[in-house]
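This report concerns only the one structure given below.
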Amino acid sequence: MSRLKAAVVGATGLAGQQFLTALADHPLFDVTVLAASARTAGKKYKDAIKAASGAVQWFCTEPLAEQFAEMTVQLADDVPPTSVDVVFTALESDAAAVIEPRFAEYVPVLSTASAFRYEDDVPVLIPGVNAHQLPLLRAQQARRGWKGFVAPNPNCTTVGLAMTLAPLHERFGVQSVLMTSMQGVSGAGRSPGVIALDIIDNVIPHIKGEEEKVEAETRKILGTLTDAGIEPAPFRVSATCTRVPVLESHTESVYVGLNQAVTLDEVKQAWAEWGRDFVALGHYTSPKKLITYHEDPFRPQPRIDRLAEDGMTTSVGRLREDSVLPNGIKYVLVSHNTKMGAAKGVVLMGEELARQGYIG
Amino acid sequence: MSRLKAAVVGATGLAGQQFLTALADHPLFDVTVLAASARTAGKKYKDAIKAASGAVQWFCTEPLAEQFAEMTVQLADDVPPTSVDVVFTALESDAAAVIEPRFAEYVPVLSTASAFRYEDDVPVLIPGVNAHQLPLLRAQQARRGWKGFVAPNPNCTTVGLAMTLAPLHERFGVQSVLMTSMQGVSGAGRSPGVIALDIIDNVIPHIKGEEEKVEAETRKILGTLTDAGIEPAPFRVSATCTRVPVLESHTESVYVGLNQAVTLDEVKQAWAEWGRDFVALGHYTSPKKLITYHEDPFRPQPRIDRLAEDGMTTSVGRLREDSVLPNGIKYVLVSHNTKMGAAKGVVLMGEELARQGYIG
Amino acid sequence: MSRLKAAVVGATGLAGQQFLTALADHPLFDVTVLAASARTAGKKYKDAIKAASGAVQWFCTEPLAEQFAEMTVQLADDVPPTSVDVVFTALESDAAAVIEPRFAEYVPVLSTASAFRYEDDVPVLIPGVNAHQLPLLRAQQARRGWKGFVAPNPNCTTVGLAMTLAPLHERFGVQSVLMTSMQGVSGAGRSPGVIALDIIDNVIPHIKGEEEKVEAETRKILGTLTDAGIEPAPFRVSATCTRVPVLESHTESVYVGLNQAVTLDEVKQAWAEWGRDFVALGHYTSPKKLITYHEDPFRPQPRIDRLAEDGMTTSVGRLREDSVLPNGIKYVLVSHNTKMGAAKGVVLMGEELARQGYIG
Amino acid sequence: MSRLKAAVVGATGLAGQQFLTALADHPLFDVTVLAASARTAGKKYKDAIKAASGAVQWFCTEPLAEQFAEMTVQLADDVPPTSVDVVFTALESDAAAVIEPRFAEYVPVLSTASAFRYEDDVPVLIPGVNAHQLPLLRAQQARRGWKGFVAPNPNCTTVGLAMTLAPLHERFGVQSVLMTSMQGVSGAGRSPGVIALDIIDNVIPHIKGEEEKVEAETRKILGTLTDAGIEPAPFRVSATCTRVPVLESHTESVYVGLNQAVTLDEVKQAWAEWGRDFVALGHYTSPKKLITYHEDPFRPQPRIDRLAEDGMTTSVGRLREDSVLPNGIKYVLVSHNTKMGAAKGVVLMGEELARQGYIG
C-alpha cells in the first residue's frame, strides 16, 4: 500500500515540530508539504527555524529528521488542498479559523487548534476514547458540502481527564467531576510562553480560558452521538487549572462521583481493560496501554512518568475512596501535554481515521 | 507589666529557629530558656547550630537575634518546669509525647507537634479561628490534674483551609470540602526534607499522613465544644496533598459545598469581616487582616503573597461558583506554612491565651 | 533644604518600577514627572501598568507607593527638560540614544541604558567606586555644550566585579581577571526575558553581548582620568557569562592575578576597608558596607545573600589562593542585579552627585 | 566467546543501579553476582530496593532489567573473589578501602570510589583518554602481589575536563587551566544529597573536597607513565566548584593557556579527531564521538545535551580566544556525571581492559 501524502501546516512552531517528530519515517503518512507563514515561506526548513542569532530553534528532544531539513517551506495560502491526502495543522486559533476550512473543503484536516472544537458538527477526538463520534464527520461533510472535514483534538488538559473518565463513564456512569490541574510550562508554548521570572519557586493559579475548555470538552467527548449532533455527557465538571514549575506534562488531581457503588479494584480493572481492542490494532504511534496504573503511592510523577510509552499512555495512581461525592473516588493522573495531548495524539488519531476509511 | 518567662524546647531545629525569630524582642514573652537534645546541650546557641564544617545552620531569612546567640542551650530533660511561665515546643512527635507532659504538669505548653492533637481533651488551635474551644484547656487540666496544659497548633496544611472555611461555616454552614494542596518543600524540614533530585521539574503526588491530618483537624477545629469534648463539624473533608517545586508556603485549590445559596460577594464579605475583633486586639504578632482577598485572577501566588503581613495572613483568590457541589464555590488560597502555619502562629496563639488569662 | 524635582523616564517597565521603589519617600529627590511611551501616556500610573487582562503588572516585591499610583504618565517627548532638576532613565538602548540627549542638554540624566557608556566623554559610574572620574562630566558638558550630562551605570554583571576589584587594584594592582558568571533571570527583563522552558533544570552558556560589556566596562571604571579622557586600567579581563535558574542576583566566580604578592588576610582587609568614607556619608540609599565578606565556605549564595543591605552590598566569599595566575587569588561574589546593579545603584549615585554639586 | 562473569558490589545504591543499567544485556559481561551490605543481603534485588513504605527506590530512567530483579543480593563479604572474572564496585570510599583489596587480590576491580585514586601504583582511568597508563596496573599487581588490580575512575567533575584537555595537551601542550563548574545535584547522591530547600532559586558556591580532586586527578590522568609511576602533567589547574539547580550533568567554564599559538579551528580539529581509533573499536558502551562540538553559541546546555550518545560524549561549545592566559582559549563543556562520569564510563573502561587482555 502506498503512503498517504500529508501536509503539515504551521510546521515551524513548537506544535508543528512535534508533528514532524511524530511523522518522521511514518509508515502511513508521507509528509510532502511543509507550510508556514510568509515569514519563513520559501526557505529550507532547517533555515526557517533559525533565529536571527543563527541559533537553531528546534525544540524537540528528538533530532530533526533529515528528510525535513532540506524541504522548502511553502506559504500555507499557496498550498493546493488537493496536492495532499491529509493535512495536519498546528496553528493559532485565529489562523486556523481561516486556513483549515480552505483545506477541509477538499481533504481531511486533523488539527490541534481550538477554532472548531465547539461547533455542533465537529467532534473533539481522542484516540481510543470516542471513536463512536466519528460518524459526525460524515454529517459535517454533508452539512458543509466538504469533501474533507476538520477533526480537532481537545485541549491538552482535557486529554488525560477524558481518558481516565471514559472507562468509568462507560462502566459505572460518571455523576460529577472536580479537577485541579498542575500544568507544565510547555503547554503555554514559547511566544512568549511562561517566563521564568513568573514560575520559578511559584504556582500560578490561573490559565486563561483553560477551565472552560476542560469543562466543555470533557462532556462533549464523553457525550452521545445523536442525529442532532453530540449530546454532552450528563455529568458536571468543575476545574481549577494552575501552572507549576514543571517543564512538560500535566498532573491532575481528580475527584469523581459515580452513579453506582464500586470497589477500587473494579475501577483499576476498568482502567486496565480500557482500550485493549484499540491498542491491539498496533497503530504505529499507539502505546501498548492507554492507561497505566501505579500502585506506588508516590506515583505518578510528571518528570518520571511523562515519557512512559513515549508520552502516549496516561499514568494514574493514588486511587482512593472519596468521602464527599456520591460513590466518590479520587486519583492523580499525569498526561503528556505535547505528546498524547497534542501533535502525536493527532497523528495516532489519523492512523485510526485512515483504518476506518475517513482518510485516503 | 513584667514579661512572662518562656522556654523554647527544640530550639536548634528549623521550627525552633522560627520560634526564636518570632520571639525576638517580644514585648510579652521573655525567652529565658533554650532547650534541646543532648547533642547540643551545654553549648552556646550560636555554637549549637554550627555544623561540623563550621557552617552556621541558621535557616531563617531574619538574622539570629543577638539575645539568643550567647545563651547556653540546656538539656530539655534538665529544665525545671516551674522555671518558666510558658513553654514553646518544636519537637518531633515522639519526643513531644514524652517531653510535653512533663512541662504541662506545671505550665502551659504551646506546641507545633502532632502528639496530642487527636486527644479528646486537647483543642487544636488557630489564632482567630477557634477561641470558642479554649475552655477545653480547663477540662484538660481538671482531667489530667495538670496546672498547665498542652495546646497544639494544627498541621500547616490545615491552617489556611480552616481559616478560610471558618467564616463560611459560621455564616452559611459548610456541607462538604474537597481540597488539593500544592505544598512547598520547607514543610518537610531538613532531615532530610525533600531532596532536590526528587522535586526539581516535578510534582510528588503524596505526602505521608498529611491528608488524614487535614481531614481530621479541619473538622475538629471547626467543631462545637460540648461537655463531652469537641463535636467535629458535621461536614465531610476530602484532601489530596502534593508537593511542588516551591520553597515556602502551601497553595490549596478548594471546593466547598454550602448549606445555603450564597453570592460570591457574600463570600468575599464573610472573609473580609472575619476576625475583625481579633485583629483589633493588636497582638504583637497579629496581621491586620486574617484573610486577604485578591481580585486579580492570577493571585494568590505563593512566591509573591507568602510574606504578606509577614506570613500571618491567608491570601485568597479565584473565587468562582462551582457547578458540582450543592451551593458550591471554589477558590485558591496561599498560606505560609512556617509562619502562621507553624511557630509564629503558635506565638500569636500564646498572645491571645495570655490575654484571656490562660497563661501567666 | 527643598527637594530636587526628578523625572523617571521609562517609568512603567521593570527598571522604571525599580526606580520608583528606590525613590519612594526619598528625602532628596521628589518625583514630579513619570514619563513613558505613547502606549501609556495620559493614563494614571496605576492604570498604565495594567495588562489587558486587568492584572496589575507591578513586579517589585515592595508595593507601589501611593504617591505614584495616581500620577498621570506623560509622553517622554512632551516633558519639558527644564521642568525638573534631574532625570532618571530606564530605557532600551535605542530609545535612550534619542531621549537622553534631549534632556541632558538642560539637566543631568542618570541612566541604566548602555547607549552612552562607551563614549569618550562619558564615565560609567558605580557609587563608591569611581568618583575620581566625575570631573569627566564637566568635560562632557563643555564638549557638547550641555548644561546637563548623561551619567550611565554599568551593566549589572560589571557592578559586583568592578566593586570587588577596585580595592585590589588600588592597593595591590590588578594584573589580570578571569570571570565566569552565573546570572539570574531577572537580568533579561520580561519582554520576553528568559522563558521557563529554556532555563528550568538547565544552564544557558551564553548571554549576547554581555561578555564584551563586562570586559570593556570593568577596565574603564577602574581606569585613570586624564585630560584626554579615561585611560582604561592596564589589566586584561576575560569573561564567560551564563544564565542559571536563579530569579535575582548574579553569582560570579573570579580569578585575579595581582601585581604583588599578598596574603588572603590582606585581601580581606582591603575589602573590609573599601568605601568606609563613602558609606560614612550616610546617603539615604547607601549600604553600611560596600563589600561584605563571608568566612562560611558555603557563602555567598544568591538566594540567601542578595537582599543583604537591601541589595546594596556586594557579598563575597571563598577567597583562596590561585595557583595559575601571578600572585593569584580566586573568590566568589553575589551582587544584586536589580538593586545595586540597576536603578537603586543609580539613585545612590544621584545622591552622591548631588552632594558634590553635580546635580541641583 | 563466552561472556565474563561479573559482580556488582554496592548494587543497591544509586551508582550501583547505574552499573546495572549499563550492564543489562551486556554482550561481554554477565552479571552473576549482586552484592551489598547486611541490610539487604539475602533479599531478592527487587525487594532490596524497596523502601519501608513499599515504594521502589529505583532511580534510573531506564527500567530495572528483569534479569536482575529476581537475583538474590549477597553480602559483599561473603562473595568468593574467584567466583567472578571482574568486579564493578559502587561503594563509599571507606567501604571501598576495605572491600576492594579483598577482591583485587584475585580479580580486576573497576571502581567508582576515590579510595585508591591517589596511590602511586593506581591509574585513574577515563576511556579513550589515558590508555597509555594501563601498564601501571601490571606494576600494581607486581608490587602488591595481586592477581587482580584496582582501577578507579576519576571524580565526575574531572571527566569532562580531562577529556577536553587531553587532545589539547597532546597536540599543543597545556600550560595552565582555570575552571568553574556548575554541577548538577545528582552528583551528591541521595543520602541525603542536595536538599531542595538549599538549591531551588540558588547557587551553592562550594562542594567539599571537589576542587582538590579535580586539580590532582586532571594532572595525574594527563601525566606521563614512567618506571617510577605517573609523573603528573606539568601544568597548573585551579578550580572553583559550584552546585546549581540542574538535575543531572556538570557544566564547566574552562580557560586554558597553551604552550603554543593555535587557531580556534585547530582546537576544534584536535577535538574532532580525538579518540577516532578508540571509538572505531566499536565497544558496546562507546559513543560514536568522544567529544561533540557545537557551533551554536547557546550550546552546550546540560538539559539538552547531557543525554547525547546516552551520556557518553562530552559536549563542548563557545570556543573563544582568551586574552589573559598565554595562547589562551576558553570554552564551555557539558559532561554527564552519572553516565560517562560514573558507572557507564567504568563499564566502557572494562570493555577496553578486556580487549587489551587485562580482564578475563
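As written, the chain order gives the labels A, B, C and D, with residue 1 at the start of each chain.
To be clear about the criterion, a residue touches a chain if its C-beta (ideal position, glycine included) is under 8 Å from a C-beta of that chain, and two chains touch if they have at least 3 such contacts.
Worth saying up front: this structure is predicted, and the values here are computed from it rather than measured.
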Lowest number of touching-chain links that must be crossed from chain B to chain D: 1
Between A-C and B-C, the pair joined by more C-beta contacts: A-C
Turning angle required so that chain A lies on chain D, C-alpha fit (0 to 180°, nearest 5): 180
Mean-CA-position distance for chain C and chain B (Å): 41
Between chain C and chain D, centroid-to-centroid distance (C-alpha), Å: 43
Geometric centre distance via CA averages, chain C-chain A, whole Å: 47
Sequence positions of chain D contacting 2 or more other chains: 53, 200-201, 245-247, 297-298, 304
Residue numbers on chain C that touch chain A, as the complex places them: 53, 59, 185-186, 190-201, 208, 245-247
Parts of chain C lying in touch with chain D, wherever the complex brings them together: 176-178, 180, 182, 200-206, 215, 236-238, 240, 242, 244-247, 251, 253, 255, 257, 297-304, 317-318, 322-325, 328, 330, 332
Residues of chain C defined as touching chain B within the complex: 53-56, 61, 200-201, 296-298, 304
